[in-house]
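Structures are listed in the sections that come next.
Here come two complexes built around subunit A, the first alongside subunit B, the second alongside subunit C.
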Partner chain A sequence: MGKYEGDPEWDDVVPIPQDDGEGALAQIAYTDEYAEAMGYLRAVMAAKEYSQRVLDLTEHIISMNAAHYTVWLYRASTIFALNADISQELNWINEVALDNQKNYQIWHHRQLLLDHLYPGISSDSAALQDLTESEIEFMTQMFDEDAKNYHVWSYRQYFVRKLNLFNDAELKSIETLLRTDIRNNSAWSHRFYVVFSDPKHSTSGSRATEHDPRIPDEIIDREIEFSKAATFEAPQNQSPWNYLRGVLRKGGRKLSSQECFANEFVKIPEDGEEDIRSSHALDFLADVWAEEGKTEKADEALRLLGDKYDRIRKNYWDWRRGMLKEDEVTKAVEKVELGQ
Partner chain B sequence: MQFLIKGQKHRHRVVFKRRAMTGSDPSSSASRSVEESLHGDTQYRQPYLAGPSSVGGEEAVEFVLSSPRLATMSTKTARASMVPDLFTSLPYIRDLLNTQSSQIQEETIQECLPFLSGLEPGAIYNDYGVPHLERKRHIQFLHKSLKKLPAPYVAADASRPWMFYWALAGLSALGEDVSQYREPLISTVRPIQNATGGFGGGNGQMSHLAPTYAIVLALAIVGGKEALDIIDRRAMWKWLGALKQLDGGFQVSVGGEEDIRGAYCAAVIITLLDLPLELPRDSPAWSGEGAILLTGLAEWVRRCQTFEGGFSGLPDVEAHGAYAFCALACLCILGDPHVMIPKYIDVPRLMSWLSARQYAPEGGFSGRTNKLVDGCYSHWVGSCWPLLEACLDGPFRSFAGGPRPAATKSLGSLYSREGLIRYILCCCQDRTRRGGLRDKPSHSSDSYHTCYVLAGLSSAQHKWHFNTTETKTETSGNLASPYQWTCEPFVGEEQIYNEGDRVGTLHPVFVIPEGAAEETRAYFASKGGF
Partner chain C sequence: MTVAMEEPKLDIERHIKYWQRCLKTLLPTQYTSTDSNRMMLGFFILSALDLLGTGADTFPEKDRRNIRDWILKCQHPNGGFCGSPNHRFPDAYYVDVGHGRQQMDPANLPATFFAILSLSFVGTLEQVRRDDCLKWLKTLQRDDGSFGELVTQDGAIEGGRDMRYCYIAAGVRWMLKGDTPPIGEDREGDIDLEKLVDHVRSGQTYDGGISESFQHEPHAGYTCCAISTLSIIHRLPISSLSGAEAPGLTNIPETIRWLVSRQVGYTEEGEEDEAETKTPARPVLQGVYENEPLVPGLSLQDVDFVGFNGRCNKSVDTCYAYWVTASLDMLGQDRAQLLNIKAARRFLLEQTQHRIGGFGKAPGNPPDIYHSYLGLAALAIMKEPGLKPFDSALCVGAQQKEMMELLREAALSR
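And then the complex of A and B:
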């Protein structure tokens, strides 16, 4: 006899068996335990029952299959209908999350809980402080397992936005992760968000790839220095190079403003062999030189990338070389038109 | 779009030593890696989907390869010499600073090198040092994935419809006739549909865009009136209205998360089923001001482009390969690629980021900056290229349309097709009796990877054109752009694989066999209304 079938507390419920259709494809041979629990879930969902026993039932199913969005969504509805204790729920899903690193659903569930919890504590600074500490601590635990976990980082962005954590503590905590692994691109991406979406000094709705005139110069300068310092540690690490380009774009500054810096990693003598310590520096300089109208130099940099330093991307570098020629033609046409 | 089943961890030890390459090419990166002994001992992550049904993947594998020297002409070295040094040697520039990211990257290179170098024991290589496609074994693997699955697959209970799609798309690409699955598919998906619209992960589960997308595509693949008539289009339209958000995006289920998968899956469903674009009145996005199902969708997608140039799952997160495809394919449903992509995307930044996903020596794609190659990105990243190429090349005209300056064109390929094909055929195939394709050599094959690795292979072996002069009937009406693609085998460079290893074509937007999308759309368009 099954767990629920033999439990008097469930006597009033008639489980609904799963209809898999005849000769179903990829039919799963469920354990009796799972099949029974799901039968009861279908029944309580059909009756729209929200109760403590539904919480117990969903917990049981999640322990057997955490990747079950229907169970999670129904559990969330039940929690809200019962006005159940949110912090208790958060503690419980911490355990589930640590055991299910790649799970989508837990993180959405967590957001639903926070959305529900927040209005009640938004003016209680002590409660907010406690929540911030416990959430950050939990995420740190998750990052210990996998510092690039996409779901945790998505939640982190949500959390920063929700609790307005665009602050030094948040920047420091990213720096801690970067000190462990300067190549952690997720941490770099999060930093970009925290710096450039801070409502104190950014334009609301400004896209990541566009100039935001509201960002103060000193912040642009600070971020340029941050990415430079990281680049010196490992010049072939692409993360700070991408970051630098992103910062310059936000600041509306030309790439050529960082020509000297990029030149630290690139020596191309008139004759003799060049010394290149970072293909990303060469890529950066190709754009700098194109910006400055030094087409030949730019073309040579792109040729070196395609023939020697980054050969797998040769077609891309050749496409960039083609773009240079087209830019030249366009400029020549403009000159002629101006002359007339 | 990935899920895990707990399986046994795999230990896979590879010890690989290499000596100096005697070639004198000064540009050879071998000069850096000479005399280096590479050692790898890695305990790998769990595979995406490794059920206990697996054959051959469970036992520990250990093999040691001694140092081949090109000077001594053994059969092994003769094979190695047929492989360009780009795919057998370490990258030209490497930093000394060691972190977790660089360490696992190093280990991955070491894991792949024996496979890329034509040194896998027991494998038969062609003149280019590339093994054959194990077509029969992969076919068997996919057929088996549709049979009864053992209890540990319970973790896939909410994503089971994906299994139908992955197997049917993969089998089609491998040239199999899948009509035998029409009847069982119909009876399988019928109890999964909800009266309130859409399909769930299984009977009694809430409707969700991901399994709905998978089922609609699976039905389109098997085709036929009976299969397509299963779908309750009116209820589907109402349900899509309930998912539509005021900011332009779509939730994946009522009360679920809003992300770019939702945007792409919704667009696919709307166009394939030829649904009306009007917004149902009870939609949360209803404003009374003429908003439709697609209002603000392209703008929402645009907000997902990150400072790196790639796309994130939702605004402000890290750029990720799977989401780049969702973004581009969604835009290519909303309009013509050469119009929509430049209008909503910073193309040079996207090109830079996307191109940086291809690594050497592995040849395959990674999903994010400083992450590892994985066979599934052969599709998620690889299949972005035909869409971008169409964006750069402009419409393919069968009459004199005046050539654009050659420089902006894609030159036929924007990435190394050879690199990707080598990674797929050398590293992603399970050549044991188990069959199937995989993330990388240390991982077990599964139907997710089998489908998307084959989709990437197909994309690398063909050239797609976007046409504006096609006058097919299904191109009339709403969202007609995705039905204007035609395809030919790609023959631009030296072909490193045997002609028999060319797989079938998969539509660049819908990722189902060529023709299936057009037929599906034409069928629903001919109905006129629900």
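And then the complex of A and C:
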């Protein structure tokens, strides 16, 4: 006899069995426990029952199939209908999240809970402070398990926006993560978000790939210095190189403004062996030199990348060399057409 | 170098066996956590067998009919499909008792996409409730142009604001001819295409990738879904029908740079991801092995395996071989050739291909349906002998895409 079938508390419920039919695709060897619980879930959903026993049932199903896309929604509806304690629910999903690192639904559920909770405490600064601390503490716990967990970062971004946490504390917490792992690209991305979407000094709706004239120069300078310091620590780490390019674009500055910096990692003497400490620096300089019209130098950088310093991408670097030549031809044709 | 190195082969027979086992026998209990995505798993099974040349066109008619019936049984009475029979209630429960037809467990967008694709292998689209489905599809779009995966009885759109649902919405719309409706059909019923393009464009990140939505970390899966979306609605800069429409990607060379950067040199000693280590930097360059001298002019031959990661500084995973290769494939003919195909192919065949058939997520992992399909699909884009040519935008064989074009016309003119 099944768990529910034998439980007097569920006597009044007639489960709705699953009908798979003959041609079922991807049929799974369900355990009896799972099949029974699902039958009871369908029955309570059909009856629109919102009760404590429904919370227990959904918890049971989530423990077996955390990716069930409606059991979570039904659980949220039940919580709200019962006016259940949200912080107790948050504590419960903390445990579930720690056990299911890759699950998305948990984080969506958490957002629903926050959206429900927030209007009631939005003018209570002490309550907001408590919420911020407990949420950040939990995310830190998740990051201890996996500092690049995509779902947690998505939630972090939501949380920053919701509670307007574009502040120094947020930047400091990113720096703490980067001190542990300077290659944590998730942390780099989050920093870009916190700095360049801060409503205090960014244009609302400015895209990540656009120049934003509202960003003050000192912030652009600060971020350039931040990425440079990280690059000195690990020159072959692509994250700060990408970040630098992004910051320059936000600031409307040319790549060539950082030529000296990139040259710290690239020495190509007229004669003798070159000394390259970062393929990303070479890539950066290839773009700088192309920007400055120094096609031959750019081509040599791309050749070195394909032949020697980043051989696994040789096809790509060769393609870039071809593009460089095409650009040169296009420019020459334009000159002729303009009669120069 | 012309050393006759033995190149690994795709073991077609074993893959066929693997997929037939998936088709005919119960999946192990561990798949319970994917119970809500059975429609997707079903599609992978049918499409993998098709790529291997033993698709549903070779099944007995009775089996085809049973599969067709099963898929249609998952159709939601209000339009769209459910992800599994576990989400589909008996018909009587949906009856209108005075407040409109009951939603019960609502239809699911990915399930709908995979159900329609799967139907194309075993029959026609004539029994898809097209008008209801397109009407429902429109209700899934948010004001910012993104799509949810389901809409509840009270109209709330649920699910992440990410590129997967954009792609799947564009695909469903195309398969049901919502993009080119018959003359006389109300265009008001269509989704807001401009908002969709705008949402995809705003997902571009500072490093050239594409993220789940604005200003989050770029991810190869989302990048591929974004590019597929634009490909299906003809809004890639290379496919724009006219210069008047805003393209969905603003800097293709940056996107290509980001995509090729997903390649990671892999060595069997378990050093697959030098970048993942937390120790301070060593002066070792990506793609160059520590123990080999940096001699100029060395060819690619010395790199044995190239895997793919989904984000900067992450570990390799079979599925990203697909997401990256497919992305480049859609960005122009032969763009996938910018990758190190030879070493990538070797990685899939020697490191993640499993001896019982299928592919695992990472070297040494057991095969699973998701990674097995995407591993096969990646090889198909790389033009692996023995596999049918592939259509990256729809994620099926190229012939199947042609079949779908015929079926969608036929369904409308019935």
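The criterion applied here is as follows: the second predicted complex is superposed on the first by the 336 of 340 C-alpha atoms of A that agree within 3 Å, B and C clash if a C-alpha of one lies under 4 Å from a C-alpha of the other, contacts with A are read in each partner's own complex, and residues count from 1 in each chain.
Note that in this section a contact is a pair of C-beta atoms (placed from the backbone, for glycine too) under 8 Å apart; a residue touches a chain by one contact, two chains touch by 3 or more.
Predicted model only: the values in this text are computed from it and were never measured.
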Partner chain(s) touched by A:325 [first = subunit B, second = subunit C, both, neither]: first
Footprint overlap on subunit A, where subunit B in one structure and subunit C in the other make contact: 16, 18-31, 34, 38, 42, 45, 64-70, 73, 104, 108, 148, 150, 153-154, 157, 180-186, 189-190, 192-193, 196-197, 207-209, 233-239, 242-243, 245-246, 249-250, 276-279, 307-316, 319, 323
Touch list for subunit B against partner subunit A, complex: 2-4, 27, 86, 92-97, 99-102, 145-151, 153-160, 163-164, 167, 181, 183-185, 187-191, 200-206, 208, 253, 255-257, 302-303, 305-309, 312-314, 316-320, 346, 348-349, 351-353, 355-356, 358-360, 363, 368-371, 405-411, 413-416, 419
Complex contacts: residues of subunit A adjacent to subunit C: 16, 18-31, 34, 38, 42, 45-46, 64-70, 73, 104, 108, 148, 150, 153-154, 157, 180-186, 189-190, 192-193, 196-197, 207-209, 233-239, 242-243, 245-247, 249-250, 276-279, 307-316, 319, 323
Subunit B-facing residues of subunit A, complex: 16, 18-31, 34, 38, 41-42, 45, 64-70, 73-74, 76-77, 102, 104, 108, 111-112, 147-148, 150, 153-154, 157, 180-186, 188-190, 192-193, 196-197, 207-209, 233-239, 242-243, 245-246, 249-250, 276-279, 283, 307-316, 318-319, 322-323, 325-326, 329
Interface residues, subunit C side, partner subunit A - complex: 22-23, 26-29, 31-39, 41-42, 45-46, 63, 65-71, 73, 83, 85-90, 93, 104-106, 108, 118, 149-150, 152, 158-160, 201-202, 204-208, 211-212, 214-219, 250-251, 253-254, 256-257, 260-261, 263, 265, 275-276, 278, 280-281, 283-288, 294, 296-300, 302-303, 306, 311-314, 337-340, 343, 369
